[in-house]
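Common to both upcoming complexes is chain A, partnered first by chain B, then by chain C.
Moving on to the complex of A and B:
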């Protein structure tokens, strides 16, 4: 039997080892993405359209599609999530209805994104006849995003002190007025942080989009901003392959000669974008908090 | 002089604020209802499509769950379609369980390190790195699997390099940050006086960790692991890119295999809506959905047990 002190040393030592190994794995992963990807990045790569059979294509259209889909999905999901979170935290009584609703939201958040994508395919693409389009993709992303965003907004509301609610009510405001005039302004910084973090997740999602937004990226005419024209970047009914879907597609098809270089570059763009989202969330959250609370 | 009727009317009428209150309540409640409707619709649609294999195409449930050959377009010697989903079910469970077995000690070890041994380094290095990695898209993991893990497996074990082993490696790295950060939360919720009491009794740091903290945090740690397993089970693209996509019973860990999600991603676009081939794929989606419900249930049961303690 080992003496407890030796045992302690051995155990703590191995925990150092495990933690070191994990740091090594994670750093190697990040390092690999950035080292192999960043040299690919250039203005041409970020703006040129993709070439299917030739080398030297870019990811301009895919990058634009990713942002457009992200914005549409956020525009649809944010009001719904905000309403749902407000009701859940400010109005809902603690009874079986609320419990059922919470269970439903939890189920939605644990569904594999491929199942959400397949439902989007079945319902929007086939049943509602929207075809492979930005709109179908935005709805699929909305479903994927709703439970997490709702939970994060609810958590933001939870951080606001009850005295603020009591203060509002004591001044004779209705509950709705208390929420919109007192609680929400105070919660804006942390809601914003949550929104940006969820945007990072949505930005990299691919499984939910393969069968909703489609796997093709028709060339766009960036001078045509009439949303009804098929080549207009704003047209929500065109198929739109995003950056994440692009990585998957060129690797599983294997007909693009420089698929590896393009995927490395695209992976780096995705990771850098998510890094940026993370920093922006922290920075803006802090900044807004200072400004709004004069703390 | 106002008549009493006018006064009565004035008093009974809702004020502007009261109307706004009702409006706000209705709007926010309908947003909530919409989410519930989405959940019901997803389960309903996938179930109705997935059950069509059994009710419309009269495939027996047992054949589906235990059959070993997946080839929905072809009929076997008895004139029955070949819709044995066992290879995919086994594939999915294998990579899920294997990756969870490998990831658990690493994740919990790292979480203990971050929370108990070196909170400073933990907060400075590990915390931001894990948080960032939780957000890395799964296709990026898949691509790295394809360009790093698969060639390494090929050199070490021969064959094509695609298979369960590569899938497990990719999923291990993928769920590691998730399980780690959830384990940290679990450890953080252990009250500080547990540690102080144990150390005051003369226990070493390791004894405190092993006999007090890990025991107290068990429900939370189990939730973290099950959550990681649920993520691994439902992961589609990263796995599809490295598993080899052969709908065969996996003979060894380095043979090409397939999972429920990989067959779904590659197959659903190549079949005609309403055909048996298509319905069979929806049945796979239904299995996926049911498994995610079961994972959800397990997490709930663990949570309830944790609260009772």
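Moving on to the complex of A and C:
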């Protein structure tokens, strides 16, 4: 039998080992993607449209589509998630209705995104006749994102102490005023962090989009901002392949001669964007918290 | 007695089917400090929180009996809890300033009520902080976060925050038990300054504190009011044996 001290050392040692291994695998993965991808990056690559058969295509349209879809999906899902989280955490009593809602959210958040994508295809694309479009994609992403975001906002509300709620109410604020004027402002840094992190997940999502936003990226005319024109970047009814879908597509059926290079470059862009989201989330969350709590 | 501002008659409160208050009859005259004392779990906080309807927030609470504030039934169906809590303010055991500036903390209630006049708000901030005896310490950092203050300063800012909405009654639940002795005595001074203008009801575990600041003291035990009287009578010459035992430290 080992004595407790040795036991402790062995346990800590193996935990460090496991943690180190995870970090190592992650670094290797990131390193590989960045080392093979970053050399492909250029202003041309980031802005030029893709080419189907020839060398020298870029990912400009896909990159733009990814951001546009992300913003639309967030515009739809954030207000709903915020409302749902406020209802669930601040108002709902513990009864079978809320238990059902919570269970539904749990299940939704663990649905594989392919399933969400296929549902989006059957419902939005076919049934509602929205076609392969930004809008179908944004709705599918909303389904994907809503449960995650609701939970993360609910967690943010949970971090605000009950004494704050009592403080607001005891001042003669109504329940709603207490929530909107005391609790939400106090929770903003943590809600924002949650939103940005979920943006990262949405940004990298491919499976939910393949059959909803589609796999083609018609050329865009960046001088035409009338959303009713088919080549306008703002048109929500056009098909819109995103960066993540592009990577998947090139690797499964890309026939341009520089497919490998484009795929590596796109992966690097995707990874860099997601890293950026994560760092931005930390930085902004901390900054905002400091702003709110000091000076 | 016509100057009674708050009256409770035969007040029972149940958490589920556990009876926490067993028929309390207790009235408060306008102005002055009343201390509520008694062993842990005897229902002091529960009683205090019925007075501004903070118990409404807890599920499964049943309340019977009558509480009247200036003759109006606090629990009447038409009673407006928001209005009640403006007139009957509350300070908690743990200082709970909002994570905003000192200035914003103090004027929060007023600003949400729609007051925009900058001069008026400035005046209220200064007056309330002075009344709470914390003005000199914070006047140069009004726009810094209230969370950067010491616990005692935070608690006095919380008192100022309540004063700013001009309540008639201030309820305090062990306002000094989370504070060091120096901060505690500053809070006591603050309360003594306020007793001429407000009706103050404070829960305390500190018997010396009760004897130092309270005009009247009420002794609770097991959900019942054992005795209420002038503070010096309670401490020097209690009518009930239980009170005497508690005061002399035989239990509790």
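What we mean here is this: the second predicted complex is superposed on the first by the 269 of 295 C-alpha atoms of A that agree within 3 Å, B and C clash if a C-alpha of one lies under 4 Å from a C-alpha of the other, contacts with A are read in each partner's own complex, and residues count from 1 in each chain.
Please note the rule applied: a contact is a pair of C-beta atoms (placed from the backbone, for glycine too) under 8 Å apart; a residue touches a chain by one contact, two chains touch by 3 or more.
Remember, predicted model here, so these are calculated numbers, not experimental data.
Chemist: So if we stack both complexes on chain A, do chain B and chain C clash, or do they fit?
Modeler: Taken together on chain A, chain C would fit alongside chain B, as the superposition shows.
Chemist: Based on the superposed arrangement, let me know which partner A:285 touches: chain B (first), chain C (second), both, or neither?
Modeler: neither
Chemist: Considering only the touch criterion stated at the top, classify A:207 as touching first (chain B), second (chain C), both, or neither.
Modeler: first
Chemist: So, A:4: does it touch chain B (first), chain C (second), both, or neither?
Modeler: first
Chemist: Using the touch definition from the top, say if A:182 reaches chain B (first), chain C (second), both or neither.
Modeler: The second partner, chain C, only.
Chemist: Check the residue A:174 against both partner chains and state whether it touches chain B (first), chain C (second), both, or neither.
Modeler: Touch status of A:174: both partners.
Chemist: On chain A, which partner touches more residues: chain B or chain C?
Modeler: On the superposition, B touches more of the residues of chain A.
Chemist: For A:164, select first, second, both or neither according to whether it touches chain B, chain C, the two together, or no partner.
Modeler: Touch partner of A:164: chain C, not chain B.
Chemist: On the A-aligned overlay, A:236 touches which partner chain: chain B = first, chain C = second, or both, or neither?
Modeler: In the superposition, A:236 contacts neither chain B nor chain C.
Chemist: If you stack the two complexes on chain A, which partner ends up touching A:147: first (chain B), second (chain C), both, or neither?
Modeler: first
Chemist: When the shared chain A is used to line up the two structures, what angle, as a multiple of 10 degrees, is there at the CA centre of chain A toward chain B and chain C?
Modeler: Computed angle, apex chain A: 100 degrees.
Chemist: What is the minimum C-alpha distance, in Å, between chain B and chain C after the two complexes are superposed on chain A?
Modeler: 7
Chemist: Could you tell me which stretches of chain A are touched by chain B in one complex and by chain C in the other?
Modeler: Dual-contact residues (chain A): 173-174, 177.
Chemist: Under the stated contact criterion, what part of chain A meets chain B in this complex?
Modeler: So the residues of chain A in touch with chain B come to 4-5, 7-8, 11-12, 14-16, 18-19, 21-23, 25-27, 29-30, 32-33, 36, 79-84, 86-88, 90-91, 100-101, 104-108, 110-116, 118-119, 121-123, 126, 143, 146-147, 150, 173-177, 179-180, 197, 200-201, 203-207, 210-211, 244-245, 247-248, 251-252, 260, 263-264, 267, 270-271, 274-275, 277-278.
Chemist: Which part of chain A faces chain C closely enough to touch in the complex?
Modeler: So the residues of chain A touching chain C come out as 93-94, 161, 163-174, 177, 181-182, 185-186, 292-295.
Chemist: In their complex, what parts of chain B are in touch with chain A?
Modeler: 17-18, 20-21, 23-25, 27-32, 34-36, 38-43, 45-46, 49, 105-107, 109-110, 112-114, 117-118, 125-126, 129-133, 135-140, 142-144, 146-148, 173, 176-177, 180, 204-207, 209-210, 230, 233-237, 240-241, 261, 264-266, 268-269, 273, 282, 285, 288-289, 292-293, 295-296
Chemist: In their shared complex, at which residues does chain C touch chain A?
Modeler: 52, 54, 57, 59, 82-87, 89-92, 94, 96-101, 108-109, 112-113, 143-145, 147-148, 158, 161-162, 165
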